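Letters A, B, C and D mark the chains as written, and numbering starts fresh at 1 in each.
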Amino acid sequence: MEELIKSILLFREERDWGQFHTPENLAKSIVIEAAELLENFQWGPACDQEKVAEELADVIIYCILLSDCLKLDFYKIIENKLKENCKKYPIEKSKGNSKKYTEFE
Amino acid sequence: MEELIKSILLFREERDWGQFHTPENLAKSIVIEAAELLENFQWGPACDQEKVAEELADVIIYCILLSDCLKLDFYKIIENKLKENCKKYPIEKSKGNSKKYTEFE
Amino acid sequence: MEELIKSILLFREERDWGQFHTPENLAKSIVIEAAELLENFQWGPACDQEKVAEELADVIIYCILLSDCLKLDFYKIIENKLKENCKKYPIEKSKGNSKKYTEFE
Amino acid sequence: MEELIKSILLFREERDWGQFHTPENLAKSIVIEAAELLENFQWGPACDQEKVAEELADVIIYCILLSDCLKLDFYKIIENKLKENCKKYPIEKSKGNSKKYTEFE
């Protein structure tokens, strides 16, 4: 993963794209790519695995760029969120249902 | 990263959420979380770093889940997309501008 | 407006597209078109007015289709939401600031 | 419809929100609300009609605001897009299938 992140940052640097990559523009880019990913499922559940893989990779690449841009620790923020989700969604309340934690009794 | 991915999959398994995590539902989830991330920038470029980190982590976690669900190799798809981007955006054509490759002359 | 709505529904009927236009698929379509609209602003505030007009129209057309699909009254739901927004955002609390109502003191 | 549009613009004016409503911010707002609409269908096709109506109204209200902001004619842009769609999707090629026009043979 470390090598991949370095390659992504080098790709940006070589093109001098850092100037466009403000946090706001990257947040827009993530949602734009996420919607292109969703377009594969616009009319139903079946999908072209290869196209999905490409769009998914686009989302992840922009996520890595935003993380770098805000000097966030890519692994740490995932780890923290997972810990928080474990608290929000205790196994006994959430097992086998898709309720949002705000809907728990 | 390997450890994180394992923790995410265990989190899902313990809650028996695999049944809800179809590729289509995960694609919807990614765009929903991406829009919550964007909400931090709805009225301008300033943002609360901590909230952004949380929403960004949500996007990444769903990306990891979709990748697993479709049996994609998380690293490989990023690597492949990066290679493709290098072809689509040669340094001499894209340096210092944000044009889409379809707009190159 | 009535005439426009009728034309949109006729367009759908002539193509026998009602079968694809489930509420879920239309909700996906709205977010997909909304993201194409946002793509015009991906790297900054300037935009091509004509392209924006086209994408905006796409969003509205899908909104009209979803409204019809769920047998909602297009005007009534806007009117109701506007009334609710008037309550949520009283002039004295919201004038000149972009705070969400959940952040009011 | 005319009355509704006037009410929406008055609502904005009374709160002095025009300053936040740049085309870019409104485009972000449309996608944010569209994703909240989609959240009703995150885990499947069933939905709460009332919640969907509210979120759908939010999307439409922001569409009206963006249209006003760019001095677009709300009806004209829908009419134009519909005409274009009629050309892109001739009945004989698109009847009963959900193919994108780029995929026609």
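FYI, a contact is a pair of C-beta atoms (placed from the backbone, for glycine too) under 8 Å apart; a residue touches a chain by one contact, two chains touch by 3 or more.
All figures in this text were calculated on a predicted structure; none of them were measured in a lab.
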{"item": "Between A-C and B-C, the pair with more C-beta contacts", "value": "A-C"}
{"item": "Pair from B-D, C-D or A-D with over half of its contact pairs in common with A-B", "value": "C-D"}
{"item": "Centroid distance [mean C-alpha coordinates] between subunit C and subunit A, Å", "value": "25"}
{"item": "Separation of subunit C from subunit D, taking each centre as the mean of its C-alpha atoms, in whole Å", "value": "3"}
{"item": "Contacts with 2+ other chains: residues of subunit B", "value": "20, 28, 31, 34-35, 38, 41-44, 98"}
{"item": "Complex contact set, residues of subunit A against subunit C", "value": "20, 25, 28-29, 31-32, 34-36, 38-39, 41-44"}
{"item": "Interface residues, subunit C side, partner subunit B - complex", "value": "28, 31, 35, 42-43, 98"}
{"item": "Of all residues in subunit C, those that touch subunit D in their complex", "value": "1, 4, 7-8, 11, 14-17, 19-20, 22-24, 27-28, 30-31, 34-35, 37-38, 40-41, 44-45, 47, 49, 52-54, 56-61, 63, 66-67, 70, 72, 74-75, 77-82, 84-86, 89, 91, 94-96, 98"}
